């Protein structure tokens, strides 16, 4: 693996990245121009100077900061909880032997096949019986541990942690939890970083359930972005300035986790 | 239950598998510490997997049972419960001309999205696994589509795939290809929707595969290199076999997700009823669930459709699992 | 778990009503109702009934929320705004809503508006907010190109019937190739349907879609696709067509003026004529309802009655141009004197008031009205976009309606 990837690899990656980034760029472009400029038959290709105008219109129209705070809270708590509980469960499924293990795992996977569209009515009933509607609990609790996460960590840890290591820990008299803590968790870091990021983003972009479960005076970001669309026509510049603003914290997060992610991988490689 | 699990359980119940130093043959008096450790090994795993089941009991089980119950009744979304009609809702759904059409559309979009998505994701993960300059930039870059708000996705792809004034049709015009009716032609609409799906999810799957690739021990590559295997060869003979469980995970989850596809076709739709095009060119099964439930307010039929979809997804996922295991040898080491 | 629940419950917000006897009401709206200032004023004047507004972007999203909570039996706002075409389906489940009948309010609304909110038992379920009397929006520059009159008074004389309108369209498309006469077959068919007494259902709610009036609309619209842009109304291409000289005229209820202005920003030549083929017609307009779930139905009713009073709706008209549905509001000077710079300074208030008076027929809308309308629009679109021949599309429409049962 000494030879570094060549021109072709960078070329392919660049092409892929351009495709990935283009819509985000377009969002920013539209958000930095006026509606008139964007809807002309020859729309400009470089950002204009109206981003701050549009952004401040966004901030005037909707409770953006409150929604941002709520989104950060909900996404952060959910992602952290998912990572902890799913890694624990995934490790147990992958490395501990217990009666009914396979059956339980198949059950976990099968729950992913349940279509969610209809669940909304009964879920809302449950939430209102618990008195959680309108509170952040209603949007966090359903996703504190996900089947996706459990299955993912299980599949990852099955190979990432050699059985011998678990056996050795047991020989040393480690409790199962210590085994998880000392062996499972470090090995899980790359996958855990990804799971954290994915869950965070998934919750961040979720719209339908928060719309139902929360009040619009205590909203998450996607709800206020949706409010930007009201009016007789879609003001693309306004909406896209709003979505760009809502994406910035995620990009900051990327820069941060990106580094974590790489160091996590190093650690995993050492253990493996 | 796997062989190993049952052995362990037997071991836990019978003779001590771990005779401590100085322990005599036959039955031994366990110290408190040993006893705790045994209890720990036997019961703690249940504790570790239990949070999932607690949350499921709280927010998953009731909806599932409720949906099953509703599917056996006449049930107006607003008016509520009507007469018990047994499996009548299921019969009505199966006889509805749009059910079959939606199933076919769902599979078509699924094939057009999942297969290229997994192949490209695998290749992309392979590239990202190489010692690149600025690797965290590349890695996070491919994930960007996933953070763009759905509202923006709808606006942007609407502009790209417009039938008359869309960017893609304009570009096709430059090379003399006639405009494609993205929202009218059935196959074209599936391609457009699959493009949206692939755009959003390929990088995501690539990172999942990449995480697994990172855990492959370096020594394996070194010895493969010593054997004269090139980069491509190493990828297929070392990387792919070593990440099999995660590959299986990606295939199973994208099968489940693909068969439940809803957001993209709905965002793509421009008709008033938003149920998959003027002639249901791209109506999917979940859109049909939604159409019955939230447009026509027939919760009974919607629930029956949801259960039918659930059965289809489980069947396909199982088939997929079996096939994948077969094709990749044992699938997972045991 | 008990501990968790207890600690979480402490965070739950209280739903209306606090210790000091103040009643807290919520009103859920979608799109724009122009109520922001009005609610502030109410809150200042009524310290014991405090109102907060919950806004959602579109009716589609508001409907999902409304239906989910009706089905779940809790969680709705004290006052829920409902889009006009969904009213019949809502009224079919009157139990879920409070009877708002109030003899003091007799005669407040235009007759057909009041009827549209009154169920078979004579209960008024909703208070009308705005109305959508229709005129014709047109591009004077494009008409000029075709050698047609451009002044709004002259344009108003060009047609009285739909046949005249289509005939003028033939002249126009012959003279200006590449530009359609009207924006979409969907919009045109909707406008025509708004003048049919029983488009889909007879007065006893029996579904009848094979009546001659409906057939006439169908044949007129599908027979004149060459006059249409053949685009899906509200779709991205339709929106883009405003910037591309896509069409010259369109059926314009009052609220559509805002749609045109927004989508056609920067385009010059738009005007608004006091005429509508086939007489008057109403398209759209919403209602305020009070769900039975509300814990404060009396206060909610009081507030709904206040905000839908002529004085308040006139101010909503001033704020966002939602044309009032209240009789007394129609001759209010604020309405009559309103003009619109984008539409060549057309006296839109005066024109819309005159269009509202021209409305003689209001279609009967049974509980399946909206469902059948959507199937009908899909059928029109299938012919428009070329996926079906008219006969085939009509057969699919009949089968769709049959499925509705």
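Residue numbering begins at 1 within each chain, and the chains themselves are lettered A, B and C in the order written.
Definition applied: a residue touches a chain if its C-beta (ideal position, glycine included) is under 8 Å from a C-beta of that chain, and two chains touch if they have at least 3 such contacts.
All figures in this text were calculated on a predicted structure; none of them were measured in a lab.
When the C-beta pairs in contact are tallied for A-C and for A-B, the bigger tally goes to A-B. Across the assembly, the mean Cα position most removed from that of chain A is the one of C. Computed from the mean C-alpha positions, the centre of chain A lies at a distance of 38 Å from the centre of chain C.
Between the CA-based centres of chain A and chain B the separation comes to 15 Å, rounded to the whole angstrom.
Touching two or more other chains at once are residues 121-122, 125, 226, 229, 234 of chain A. Taken residue by residue, chain C touches two or more other chains at 64, 71, 240, 244, whereas all remaining positions touch fewer. Among all residues of chain B, those that touch two or more other chains are 299. Residues 1-2, 4-9, 37, 40-42, 44-46, 48-49, 51-52, 55-56, 58-60, 62-64, 66-67, 124, 127-128, 130-133, 135-153, 155-157, 199, 203-204, 207-208, 211-212, 214-218, 221-222, 225, 231, 242-246, 248-249, 252-253, 256, 260, 262, 286, 289-290, 293, 299, 302-303, 306, 309-310, 313-314, 317, 332-333 of chain B are the ones that touch chain A when the two sit in their complex.
Contact residues on chain B toward chain C in their complex (touch as defined above): 54, 76-80, 96-97, 158-159, 162-166, 181, 183-184, 270-274, 278-279, 281, 294-297, 299. The touching residues of chain A, when paired with chain B in their complex, are 1, 3-5, 9-10, 12-13, 16-17, 19-21, 23-24, 26-27, 85-86, 88-89, 91-93, 96-104, 108-119, 121-123, 125-126, 141-142, 144-148, 150-152, 155-156, 158-160, 170, 173, 175-177, 180, 187, 190-191, 193-194, 197-198, 201, 204-205, 207, 221-222, 225-226, 229, 234, 236, 239-240, 243, 246-247, 250-251, 254-255, 257-259, 261-262, 265, 268-269, 272. For chain C in complex with chain A, the residues that touch the partner chain are 5, 8-9, 11-13, 15, 26, 30-32, 52, 54-58, 61, 64-65, 68-69, 71-75, 239-240, 243-244, 255, 258-259, 261-263, 265-266. Note for the complex: chain C touches chain B at residues 1, 60, 63-64, 67, 70-71, 89-90, 92-93, 95-96, 186, 231-238, 240-241, 244, 371, 374-375, 377-379, 381-382, 384-388, 396, 399, 403-404.
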